[in-house]
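As written, the chain order gives the labels A, B, C and D, with residue 1 at the start of each chain.
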Amino acid sequence: MKYKVAALHELRKPFKIEEFDLPEVSGEQVLVKTAGCGLCHSDLHIWLGEVAVAPRFPLVLGHEPSGYVAAKGGGVPESIRVGMPVLVNGGYYRRENIYSLRGANQLADLEAQMWAGGIHVGCYAEYFLVPSYRYLVPAEGLEDLDKASVLSDAGLTPYRAFKHAMAILQARQYAEPGDIVVVVGVGGLGIFGAQYVSRLAPHLDLVLADVRDEALEFAGKFARPLALINARRENPLEAIKKTAHDRKVVAVLDFVGSSKTVSTYIKALSPGGVYVLIGLAEPEATIPIFDTVAQEYAVLGSLWGSIGDLYEVAGLAKRGLVDYRGVVTKRWRLDEINEAFMQMEKGTQLGRMVVSFS
Amino acid sequence: MKYKVAALHELRKPFKIEEFDLPEVSGEQVLVKTAGCGLCHSDLHIWLGEVAVAPRFPLVLGHEPSGYVAAKGGGVPESIRVGMPVLVNGGYYRRENIYSLRGANQLADLEAQMWAGGIHVGCYAEYFLVPSYRYLVPAEGLEDLDKASVLSDAGLTPYRAFKHAMAILQARQYAEPGDIVVVVGVGGLGIFGAQYVSRLAPHLDLVLADVRDEALEFAGKFARPLALINARRENPLEAIKKTAHDRKVVAVLDFVGSSKTVSTYIKALSPGGVYVLIGLAEPEATIPIFDTVAQEYAVLGSLWGSIGDLYEVAGLAKRGLVDYRGVVTKRWRLDEINEAFMQMEKGTQLGRMVVSFS
Amino acid sequence: MKYKVAALHELRKPFKIEEFDLPEVSGEQVLVKTAGCGLCHSDLHIWLGEVAVAPRFPLVLGHEPSGYVAAKGGGVPESIRVGMPVLVNGGYYRRENIYSLRGANQLADLEAQMWAGGIHVGCYAEYFLVPSYRYLVPAEGLEDLDKASVLSDAGLTPYRAFKHAMAILQARQYAEPGDIVVVVGVGGLGIFGAQYVSRLAPHLDLVLADVRDEALEFAGKFARPLALINARRENPLEAIKKTAHDRKVVAVLDFVGSSKTVSTYIKALSPGGVYVLIGLAEPEATIPIFDTVAQEYAVLGSLWGSIGDLYEVAGLAKRGLVDYRGVVTKRWRLDEINEAFMQMEKGTQLGRMVVSFS
Amino acid sequence: MKYKVAALHELRKPFKIEEFDLPEVSGEQVLVKTAGCGLCHSDLHIWLGEVAVAPRFPLVLGHEPSGYVAAKGGGVPESIRVGMPVLVNGGYYRRENIYSLRGANQLADLEAQMWAGGIHVGCYAEYFLVPSYRYLVPAEGLEDLDKASVLSDAGLTPYRAFKHAMAILQARQYAEPGDIVVVVGVGGLGIFGAQYVSRLAPHLDLVLADVRDEALEFAGKFARPLALINARRENPLEAIKKTAHDRKVVAVLDFVGSSKTVSTYIKALSPGGVYVLIGLAEPEATIPIFDTVAQEYAVLGSLWGSIGDLYEVAGLAKRGLVDYRGVVTKRWRLDEINEAFMQMEKGTQLGRMVVSFS
């Protein structure tokens, strides 16, 4: 049996829609029939050759999937049933180590190139093979399953970042009601970040910063921001200070990750504040040593999310605490993928786009 | 009644030994007869005019004190007795806020200029006035009380830094027995840092790095380092990797805090590792965004220590778990303070020096 | 100058309204003109002689105050202004120790009998003296300041309990969206407990349990309970199980604290669940050893709240996240205090009552 | 091919040495050639019929194993090599859930009866089958591998309990150097508990309590106890108070778990102290509600240990921080197992016994 795939044979060239043979499943493996595959800028970076991993061609990209269990190996428990809707955590790892044993599978084995597409799932395809049922998260109750695919990365990554920030704030106990969290960069991920702050930390206030008015406005609809700051038009530090008045800025979630965002927004933090880096726009950033020490800042990197984190994100979505359907503003068919990538490269689309198979 | 003080009337000029009037004590105030006052590079930086705080002259420096209660105000509890040996936490703050209420008095009110010497105690003097008995830590059982003065900063600051690192490691649970902590910079503070790692985290191994062989050797006597790395003679990253072999580097305690130390040693960290910044050698440092995110590094600033932290340091010293007497390699008399500062500026002295009043 | 006080000269006898001389204030002391003083069952227990502390007569009870700064000693900072509205944390302690230094003033010195009324503030009076401005929490922006008095205990105690529970859940990370917290006992404190769960932990669901239908219904209006369980009419464990279905019960907040509540509701917990004891209805409780071990339960006592906790509660109230005005269902005048105590002893009043001075 | 097994066909009857067929291995399974199998009282309780799990006969007990990889299925990674020495965590679970995803596999699926012997591994046999390589912990460098078997339970269980206690103490920060941990019950597990306190928490002091002088003396050799308390001969509370003098008792690790131990030793705790329950001697215990609340005690159950915990225990053993060889005081051959159980029932053996296959 055959299935359609968007295959890449050379970087920076168009994808070709080809037919592959459906793989056999054995052991813990699960074959998933794709419902949706979110279009993520990481794929664009790979396509552009900006990622240091040597690709094996034909390359099948896509790591933000949802789908239905189509077939399962003999080592898969009964609770995983054929036809069951699932999200999939693509943080596949080769062997147990202290990270996987502590529930951080996505940190477990960074060099791993287990599957087509480097670290990727390969869901720009009608089917994709998951190495173990352990990476599946039940998705019953999630409407528009194709759109729910974005939870597997765009929804997941900010959730872990948010939890990192909250864990520091909870341990230090310096944050007071009304204190402020700044979300920097309100693209696909930032919109989710804003939602988590507004809905899961109601004692804190939210400020959104970006360089695009329309993105700020769009993101603002998903949360309850105190202020929208266009860092191109106004001095963001002054704008934050004005908004904050006598309240503290206890956390920044930086979904851009450029030299400029880091060196700018870290200065907004109050003593004991936490700066979470998620974006990867540039290779390096400069931090102020004196302020970091004298104000005991915590600068934390946050990577994607673990399987356990994805369980929680799915749970929040089922509970109506995360709006993912509104975030997805465009559905593409698989054979439109080249057009979709061009659109992604332009960077003007608000929210998130998916390749939909429904 | 009069007492002797090393007074500064102009930056970068010699101290003059002068006589001041003993102040009256009232309320919660306590007058302490100085036993020792540790010579700290922060004083040198103030003296050199490198600190942005506008000094009020005559300036009395010194913020690493030990001494005996000499007089107390009416609002001081009975448990504080005249003659009692004490350490003093110089993190005086003006009014309660969320930081002091959460036990981080040294973060409470950074702009405070309550006393002669900016944020300083002013213990280069036969007596000094403490604004409240709350800053005193009982020091019974600490031999050589003049030397014990170094616990109030050189012993305290690395302890808080060590606790910051351990809290992250404890929460994440990625550290395994035999994993490594690197102490960068083994001057007065680094020697204490090395002791805390060796004695309070016996499941971890220790590597010391510096650019001076004699400092490395001296520090090595206080701990059980796996390796001494002279970063001037060998590539420190390679040396660490060779020493670590298949073990992880889970933490770096950086007592230098230069652009070079940060950008070098952060690369030694394993995923989930923690980099604690304590030193303030330079204003800025560059961190790698990709590694920080992809490996979920935590970069934490750590400032001095709270009163509660100093209680714990004093307890460790009483228990024989911190050697402070060996760290103090030179005692000066108050009237030798100019010579002492010249020696400090040269930077060749191993360990820590104190002005001793005994 | 004189002020009116409800003085007790013998246990179990009526209070007498008497006039006392206004005290002088000195040092850090602050005299507060009472706005409201919440009627708390602890006062009733003292009045009934059920508390092991030997009272000194005349006894002035009342430890849940709000008011206005009327006078201040010379050691009180400028930021505390005469006329300023305040809440007061009554956890006065005699001297610093590790508990106060770590921000848990209410644990610092349990035997303390510093003031009239044992551990109590003595706010059944027109004025009361606070030993230090440090116990004051600014209350600007809190409407109906007399009613806001209930935040100082009825609002504070459940907040700390809630935070204890959340800290364990956050550290363990077993709780999933939709999991359940059971609040047992929905008197004055339980209503606040229910509010914190509903508003600050929106990812969790809430179940209320009590033995009074009208109390359940009243409390239910302040939160979004999934179910109201009358433990007198139905088997509470079965009712919880039915409500929870396939979701876990991750925490119980027990505001009753009887042998029966503990041994009943602890069985509802899922593995890793946390049982917070707040109520003191009976001296002892029986816990199942096997379940506690095999399911790694955490049973935590929680006492009142610290000054820092009260800052946060005041902040939540200002932010509209805690409804205290609706909780106060009855205002008494000071000269009605005997009637008020009789009403409290009957136990039929819903919500909380205050003695109001406005 | 055949292998020898100590098979039980009826409770409370002698084991019979029988020959079973070696199983095929497939998928993630690993066949382990037993080196040692620790004799644990849990086995005795099953044998006596005191455990509520309905056994399936023939029953093969033993859940504290060490051994060598003998064969592996096709789904086992290369890093698991035939001949490799291993410890095995017997906390097998059927399917992922939030507990396994958060690294607490031993909590994941309590009802599981996957293998011969209920929740047990079945290592009273020359070989035993492990359902997945994930339960294996590399044991290179552990001398006397048969004796190292005791690390898989007797060494593991107290380690997790110790970590539970330390996590609370670290979060609360009330413990000061010189404060005391009491280990109650110094049988096989308690000796390990004492070691962890002495070696991994050198800032704390240790008190051992038991009802047998010879057990106290034996255990005392593995640690640095401040006092040995025979609770049969002296009032343990008074003895602890006398030893503690002005220091706090911050934790109790109770390896007995009887009504008496809990109600006795909980009273020794200082405010904020933690009581960890590990032993299961009796079904219920009574705790004092007032003290638990007013002193904010934490009572925590602790169950066995996770795979990650066993990694750490193995690491500590390799590092010489846990003495397991001295704890094993007797080796039995498999055909002596009935004699061994009689000896275990007598309860006079100090330390731990193993069935050895070397």
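The rule is simple: a contact is a pair of C-beta atoms (placed from the backbone, for glycine too) under 8 Å apart; a residue touches a chain by one contact, two chains touch by 3 or more.
Remember, it's a predicted structure, so these values are computed and weren't measured experimentally.
*Asks:* Give me the fewest steps it takes to get from chain A to chain C if each step has to go to a chain it touches.
*Replies:* 1
*Asks:* Shared touching chains for chain A and chain D?
*Replies:* Where chain A and chain D share a partner, that partner set is B, C.
*Asks:* Roughly how many whole angstrom separate the Cα centroids of chain A and chain B?
*Replies:* 41
*Asks:* Considering chain D alone, which of its residues make contact with at least two other chains?
*Replies:* Counting only residues that touch two or more other chains, chain D contributes 98, 102-103, 167, 171, 173, 176, 308, 311.
*Asks:* Along chain B, where are the residues that touch chain A in the complex?
*Replies:* Interface residues on the chain B side: 98-99, 102, 104, 107, 110, 164, 167, 171-174, 176, 257, 262, 271-272, 277-303.
*Asks:* Name, in rising order, each residue of chain D that touches chain A in their complex.
*Replies:* Where chain D meets chain A, its residues are 27-28, 74-75, 77, 79, 94-96, 98, 101-103, 133-134, 171, 306-308, 311.
*Asks:* Chain A touches which residues of chain C in the complex?
*Replies:* 103, 166-167, 170, 173, 176-178, 199-200, 202-203, 308, 311-312, 315-316, 318-319, 321
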